[in-house]
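Both complexes below contain chain A, partnered by chain B and then by chain C.
Right after this comes the complex of A and B.
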C-alpha cells in the first residue's frame, strides 16, 4: 500500500469529536475546519485534495443531532444515518417521497454510514436527498454560536459545492410537514449512481396540493406546485401529465453536464413524470 | 498518534493510529487483517467492507479513530461463526470465487445480509450486495451460493 499519495490517503488533520454543539462551535472558531457526519463524501473530497481542512469535527457524538421524530412535523437530526431512515417503516407511511428516495441513494453499505443531512450539505446537483426534500418543502435548522435560523432546503444547495451556510454554521436538523402522505421518488442513472434526472412528488390528499421537484437538470432542484391534484379518473391524470410535461419542456432550465445533454435530461425527466404520476395518482 | 481500543474478530486490540488514517489502513498495516482489500479507496467497490458494531461499512471511507471502543469483524473472524463458515463453504461448492480478491468482502456483506434476512430472495440479495464489485463477474454463482447458505441462518440466532 502506498502511503501519502493523493486519491488513496488523506491529508493530515486533527480529529475532534465534540460532545455538545457548543464544543463544536468552539472548534469551528479556529478556522480551516470541516464538519464530518458519515464521512462518505468528505473523505473522498479530501483524498482528492479538493479539501484539506486542518481540523475535522465529527458531529456524530452530539446528542442534539441524533434522532428521528415523526409526531407533528417530521424532524431528522444531522447525525441520523440513511439506514436509520430506511429501517423506520413508519416513515414510509408518513413521508413515502423521502423514504423511497433514501432507498435509492448509493447502496445499503454506504447508507449505513452516510447521513441525509450530509447528502444535502455535500451540495452536489445530482444527489437525491435535496430533490426529495424540496418536494416536501423541508426546512433546515442552521445553528451557530449566534443562534438558530431556518432555511428552505431548496435554497440551501446553490450549485456544485455551493452550500448557502457560513463556515461557522452547522445544519442541526431537517423538518417538514407530515401532511404529504402520498408521494414517490423516481430516478434514472446511467454510468454513475447519481441521477441523470429525477422526479419527486409529494402529495397532500387533505389539501389536494401536489409538489413536484425535478432534480439533476440544473444546478439545483426545481419545484412547482399543482393545486387540486386529487386522485382523479385516468383521463384527468393523463391531462395532468401532459400539462406537467409541457411545463418541463418550456418552464424548466436544464444544462449540459457530465451525465448528459440538457435536451436528453429533459426527455428523461418527462418519462419519469409519467412513471411517478401513475404511482401516486 | 492516538491510541484506540477495539475488538477485532473477538480479540481486544490497542492500536496506535494517525488521525488521518482510514480504518482500512489500520486494519491492514497495523492489525495484520489482510482479508480486507484496498481497491478503489473511495467507497465504490466495497472490497474493504467490514462489520463495525455489526453493521457493514466501507473501511476506506471510515476513519480508524471512529472504530475506537467498537467491534470489527472480518472474514478471518467469521470463519469461527458456524453460519458464516457454512456460507464460505457454500461459496466454494458453487464456484462463487474466481481470483478470490473480492470474496472476503462478499462473505462479510452476505453474512450481514443473511443475519438480517435469512429468507432473502434474488432481489434482496442483489440490493444487499449492490455496493460491491466482482471484476471476475462471479455474480451468478454468488447468487446461488448465498441462496444455498440461507439454511445456515434459518434459526435466526445472532452471532456470538
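Right after this comes the complex of A and C.
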C-alpha cells in the first residue's frame, strides 16, 4: 500500500524483538509502539509518515505465533508468512478459499515476507486476506496482558486503517472451521495492484452452508449466505447466480474510490460471481 | 573471428554489469562531505506565497542551509525560460518546490523540512486546457512577456496561458470539406502520464574551490544539460563538467535541463558537494510528466476514400512549466498528417499552461498525441465509407518519391516503405481471420495503426565522434550520447567492428563509463530516436579519418598509392598484394621501422555531423526540418470482456522500416519494450487529479505501469530494410516509434470488434465498460445471458 510519500527515509524509532508474548506486552505498555510482522505494510506507512511509532516490536521471534495447524479447526499463527501458506498443499484441500486468495496477494517477493495476519491488520479495504477469511467465518484471537478474546475477522477490520483492537493488544492467530472444503477466491484488478472487486465463496457440503464475501466494494468485506440471497446450493447454478447478482445489486453497499466507481465495482462483483459459482457449485 | 556482426543479435555491452548489479549509476556516486537536500513542496495548485518561515528548520540538528525562491531570482528553460528553481512569489502546482532544506544526512534534512512553514494566499487554479484559453482565465504566468525564448522556433502569447501557438496550413480546408462526401468530427483526449523510469532523477553537484563545477546526474543529454545549465547560471561552458553515468531509464524525462541548476546553486552557496535525490512521489508530482491533450479534429473524405481535408486543434496540457512542451506542441502540429497524403490541412497546436504538473518530452514526442486522433479517424471514416481500414490506408498512405508532407517536405524515395509496413501488419496479425474468444462473453478483435516520425530537433542538432586505435589494435569509440538502456552504444560498437573487420568485443564504447562533457565529443541530445543515426554518421566519418591516417602510413610502408590500401579483417594491406599484411596495432601509435624511425603518430579519427539543408518552419509551418523519417505500425489482437470491460492484448505485431538492422537483439528489445510501454498508457496509466489539483496517485500502486502478468501472449516484430541514403549503413532511428501506434491500434481493434468508440485513454476496464454500456448496452446483457447458459452447461 502506498499513498505516495515525499520521504526517502524512515522516521526515528527503536526496534525490539521480544522472545515471548509477555515481553511483547511489556513493550506495548510503553505506548506509541507498533507491532511488526513482515513489515511490508508498516514500513511503508512509516515512510509516508502515516504512522510514526517510537518503538517497533517485531513479533516474528515469539514461538507461540508461528505455525499452521490443519487438524480440527484450522489455526494460522500471526508470524506465518504468506509463502508458508502457499507452500502448504494440504491447505488447498482443506480451505481452497484461503489458499487461492493467498496465491493472488501481491507477488512472490512480498509473499515471502508478508504475513496473513499482517494483511488483515493493515486494514485496507482492497486486500484479499480479510475477504477470504470473512467468507470462512474466521475468528482472530486477540491477546493482551489481560487475557485472550475472540473477534470475527469480519468485525476486526473496520475501515481504512481501522482495526477493532486496542493499542496494547496483539492478534495471536486466526482460526476457522475446516468444514469449508469447497470454495474459491476470484479477484479482478485492472490498472491497480489491488482488487477493484473480489469474491470469496466458502461452501461446506456437509452442512450445506455456503458463504459469500465480497471485497473492495466498501470499506470492509461484505458477507452473506446463499440463504440471505434467497437461494441454496440445491438450485440450478444459473438461478443461484441470478439471485446472488440481484442481492449484490440491492443488498450490498459500494463506494466510489480511486479504483473505480460504485456502479462499476458492483458490475464486476456480479461478473466475478459467475466465475466463482461456476467453479464451486 | 566473426567479422560480419551487422544485423545479428548482439547482447548489450553493459548487460553483464546490469544483471550483476555492478553498473554504477549516478545515484551510486558519492563525494566526501556531501550534503543532502529535502524539498518542501506546495500544497496548493495556485497560490501567492506571503512568506516562508525557515527559522525553525535552520536550527534543526544537522542542517547547514535552507533555501527559498528568493535565493535564486532567475528563470531557466530549454525553449522558453519559464521555470524557477524554487517557487518565487507564487506556486503554480501541487508539488511545486518551495524550499530546499540541506543537511548532513537525508534523515536530518527530511526532519527539518517538516519545520518549514509557508504562508499561502490561495488563488483560483486553472486545471483544464479549454478553460485556460478562455478570456479572463487565471494566468499561470503573468510575466510571460519578459521570458526569454527560442525565437523563430516557438511563439508564446503573453497575456494568455498559451506558451506556444503553432500553425500548419496546406491548401484550403474549407474547399476540401466542400469536396468531401463523408466527415468525421470527434474530440480525443489523453491525460498527463508519467515516464516512470526505474531510476528516479538524482544529481550530485560540486562547486569546487577553483570555481569549476562538477555535476553527476541521471540525464540523457550531457551536452544540452551542460550548455543550458551553464547559460542559465552564467557559468562559462568549459567550467561546468557534466558527468552522465548510464541512466536507469530516461524516456524523455531526463532530456533538457533538470534538477542540476538547483543542486549547483546550493553547492555554490555552501561550497560542499550536494546530493539531490527525488522520492518516487516527488518524481511523480514535483518533476515533469508528459503533456495531456484535448484534440478537436474534423476530417473529410471523398467517396472513393481520398483524404481531402484535415482540421485539428490540439490543446496540450503543458502544466505549470512548458519549457520542453512548447516544442512538443510544435511537433504535434507539424506532423499531424502522419503517414498520409492529405490534400488540405489546417492545424492549430497550442501548448497551454495550467496549474498541473509541468510537462516535458516523452518517447514519441507529440506523435502518440497526434496519432491517437488521426489513426482512429482513418478507421471511423472507413466505416462510414463502407471501406475497410486497410483499404482506406492503401488509398492515402504516402507514396515515396511522390507525396509531399504538410510542411512541404517531399517524401523521398529512400524514406521507407509505408505500404510494405501495412502489408506486414495485415499478414502478421492475420487481419482477416476471426479468432474464437476464450469465453462466450468475450470478444476477440484485431486492429492496426500506422505511424511515421522524424526526430524533432533544431536545424543545427549536431553530433561528433572520436575513434582511437590502441596499442594492441583494439578500438576505442567515443561519442557524446547518453546510455539509458536504449542500446546505442552497442550499435555503435557493431558499426566500428564492421568497419575495421574486428570482432565486436575488440571495440569499446566509452559511454559505458558514462559520458563526461570534458572527455567526450559533442552530440546535441540523446533524444528523438536520433542517436544511432546522428552519432553513427559522425562515427563513420571518424572511422574514415582514422583509416586515412593508417592509409597514409601504410602507403609509405608498402610503397603503394594511399588509395590502394585496404583495411579489413583487422589487417592493413595493399589491395593488389594482399600477402603483404600488417595489423592495426602496427599503426596504432604510428609506424616504427626496424631501425626505430617512426612515421605518423597515434591514430585518432574525428568525425562531425550536422543536419543537411534543414530550416526553421515559417508561419504556415512550412520548411525542411527533418533528417529522416521512420515508417511503422502496430497491429494487435485483443480480447474484450463484455461483462467487465477488461481489454487484454493477446497478440501483437510491430513493423518498422528501419533502413538497416544493426543489432537485431536491441531492435527487438525496443519493439517489445516500446509496445509494453505504449500498452501501459493505452490501458492503464493516468495521473489523476482532484478538483483542487491534488495528485491522487503519486505512486506506482495506483499509477499502474504494466506488470509481467499483463503482457500479451505473443509479440512479433517485422523489420523492413529500405536503406536510408545517408543513414549509417542505411539505418534510421526507432527508439520512439515503437510506442506511437499502440493506443490507436488497440482502440481500432475495439471499434472493429464492437463498434464502440473510445476517444480517450487509458482504456481501462471501467472506461471500456461504460463506453459499451452507453453505445451498445445490448452487448452486456446478452453477454450476461451467455455466461449464465454456459454456467448451466457446466453444471449439467
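A few remarks follow.
The rule is short, and it goes like this: the second predicted complex is superposed on the first by the 265 of 281 C-alpha atoms of A that agree within 3 Å, B and C clash if a C-alpha of one lies under 4 Å from a C-alpha of the other, contacts with A are read in each partner's own complex, and residues count from 1 in each chain.
Everything that follows uses one rule, which is that a contact is a pair of C-beta atoms (placed from the backbone, for glycine too) under 8 Å apart; a residue touches a chain by one contact, two chains touch by 3 or more.
A quick note: this is a predicted structure, and the numbers were derived from the prediction, not measured.
Looking at the superposed arrangement, the partner reaching more residues of chain A, out of chain B and chain C, is C. In the superposition on chain A, A:267 makes contact with chain C only, while chain B stays out of contact range. By the touch criterion defined above, A:237 lies against chain C but remains apart from chain B after alignment on the C-alpha atoms of chain A.
In the superposition on chain A, A:112 makes contact with chain B only, while chain C stays out of contact range. With both structures placed on the common chain, the touch criterion links A:13 to chain B but leaves chain C unconnected.
By the touch criterion defined above, A:278 lies against chain C but remains apart from chain B after alignment on the C-alpha atoms of chain A. With both structures placed on the common chain, the touch criterion links A:83 to chain B but leaves chain C unconnected.
Of the two partner chains placed around the shared chain by superposition, neither chain B nor chain C is touched by A:45. In the superposed model, A:247 makes contact with neither chain B nor chain C. Residues 1, 7-9, 11-12 of chain A touch chain B in one complex and chain C in the other. Contacts from chain A toward chain B in the complex involve residues 1, 7-15, 17, 39-40, 43-44, 47, 56, 58, 83, 106-110, 112-113. Listing the residues of chain B that touch chain A in their complex gives 2, 18-22, 25, 28-29, 38, 41-43, 46, 49, 55-58, 61-63, 65-66, 109, 127-128, 130-132. Here chain A touches chain C in the complex through residues 1-9, 11-12, 188, 190-194, 196, 236-238, 241-242, 258-261, 264, 267-268, 270-271, 274, 277-278, 281, going by the rule given at the top.
Chain C makes touch with chain A in their complex at residues 38-39, 41, 106-107, 110-111, 277, 279-282, 284-285, 641, 643-646, 683-686, 688, 695-702, 704, 762, 764-766, 769-770, 784, 787-792, 794-795.
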